[in-house]
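Order of writing sets the chain letters: A, B, C and D. Residues in each chain are counted from 1.
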Amino acid sequence: MITTKLPVRFVDCDAMGHVNNAVYYTYFEEGKREIFRWFTPSMDLGDWKVIVASTHCDYIHEINYDEMITVYTWISTISHSSFDVEHAIADEHGNWHARGRVTLIGYNYKTKEVEPLTDEIKAILRQHQDGPENVPELRQIRGVGETAR
Amino acid sequence: MITTKLPVRFVDCDAMGHVNNAVYYTYFEEGKREIFRWFTPSMDLGDWKVIVASTHCDYIHEINYDEMITVYTWISTISHSSFDVEHAIADEHGNWHARGRVTLIGYNYKTKEVEPLTDEIKAILRQHQDGPENVPELRQIRGVGETAR
Amino acid sequence: MITTKLPVRFVDCDAMGHVNNAVYYTYFEEGKREIFRWFTPSMDLGDWKVIVASTHCDYIHEINYDEMITVYTWISTISHSSFDVEHAIADEHGNWHARGRVTLIGYNYKTKEVEPLTDEIKAILRQHQDGPENVPELRQIRGVGETAR
Amino acid sequence: MITTKLPVRFVDCDAMGHVNNAVYYTYFEEGKREIFRWFTPSMDLGDWKVIVASTHCDYIHEINYDEMITVYTWISTISHSSFDVEHAIADEHGNWHARGRVTLIGYNYKTKEVEPLTDEIKAILRQHQDGPENVPELRQIRGVGETAR
């Protein structure tokens, strides 16, 4: 599990006075910094090796300016060329504010092709599959065919 | 169905040279402008009546700077106090770039309490349940219990 | 003079309910799109040829969500390897909301060296030196030595 | 002098691979957090008492992802109802990356009127007028009348 402390910026908040819903994904992105480093130890942005396939966030409690938040990041599913990154955001009192999941795919930005995860990467990912205690589960998302109109 | 044309800004793109994954939610937010107006005809930000409960996006093809995109927005599930907004992003050639869903809840920002949707609002929402033709389905998200480790 | 119409996004506004001061520079950046195209007709971000040396903005009136703004962009000083881009933002009623200036430098991102402006570019720049009528002047900025403590 | 350490976020960087020019103003804004607290000890965003009148930034060296930057913030001119905040950004090696100035005005968001600075605020501001050693001076900005065409 990766633990990332982040200061909430003034501009992260929208006109409702709380952190905007899109900014939670920026927090998740900061939570993945060490994951990016596993793929690109130099952190050279011209040598990036993952791309985002899908993202999800459940909002539990609003986040306010001048807070210090903690993003917890861990790995769940590991597949041939993709893996799921789980995220949860807590405040300094340990209250949960958000729960999310981001699916990353191994990707070659030059050939624009999906690349399988290497055994070395898979081994590192498997070492980070434990999440925080008492973390809320992701709410189930309905498939389009299941929606009641 | 609401159709919103948006210019991609230079700053929407991150160091990978494409629109950042979090910015898709800003595009979805712009697609909801008319929905916000149904709830708050004055568009007075001090009289806002919905809050975001969860968001999801599947990324299909990257979006580039200097493009004009179209955000299609329509309603699927309508519940007692919440409803699901479906989004899809296409480029000027009709290619799909993203597919998303945002769950909004009726909310009173003063009392910080959930509020049921009025019959008037439900009637308007029901008039906007048709999506665009050939829109891709949302990918199924696995519940945490279902993830294979 | 380049005229750029832009919709104000919900997320452009901060907790004060108006467009955040930093976002005006994003509006200025969108106003420079055609200038970028003069330097890089393909708009290939890997072949960019200018870099920002300094930016300035005077805020005249707040900008609100759901407005359509117009960014006026024109060239003032043209030097050996740099030039000043003047900006002014108006609303749909013709009221001025901001006045700015951005100094751009010819730049080679591969060698990381300043490059002189070509004669062709200078000729194009000189064709765009007229600003809008009745545009407010930039407020004079004091040098550090001149500040009264 | 106020010293603020900030992590550079992935999304702060644009397609050129460095921090976007507008984001420097977000860094400056974070550098002013303690100043905001002097005016609004509760940090209640509904009780804000300053507004931005003008901003300026000189860009010295690019800022990269995965850096930790330091924003130095101090006060120069103090007037009847406004004051100038000076900013400088350094990296962990002490190299200067940017130098800026932001003019703030005492402001009542309810009446939308400028308000004079109180004696208490002026006394606090005067205690923070020392900048960092060897900080570069702001480049002189030309008035519009002085520009050579």
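Here is the rule we use: a residue touches a chain if its C-beta (ideal position, glycine included) is under 8 Å from a C-beta of that chain, and two chains touch if they have at least 3 such contacts.
Note that the coordinates shown come from a computational prediction; the quantities given were computed from them, not determined experimentally.
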item	value
Those chains which touch subunit C and also touch subunit A	B, D
Subunit B and subunit C, separation of their C-alpha mean positions in angstrom	31
Subunit B-subunit D separation of Cα centroids, rounded to whole Å	35
Centre distance in Å when subunit A and subunit B are each reduced to the mean of their C-alpha atoms	20
In subunit A, residues with contacts to at least two other chains	10-11, 13, 15-17, 22, 26, 29, 45, 65
Category of the chain touch graph - line, ring, star, complete, other	complete
Subunit B - residues contacting subunit C, complex	6-7, 9-11, 13, 17, 26, 29-30, 33, 36, 43, 45-46, 65-66
List of subunit B residues in touch with subunit A within their complex	15-16, 21-23, 25-26, 29, 45, 48, 51-59, 76-78, 84, 86, 101-102, 109, 129, 137-145, 147-149
Subunit A-facing residues of subunit C, complex	10-11, 13-17, 20, 22, 65
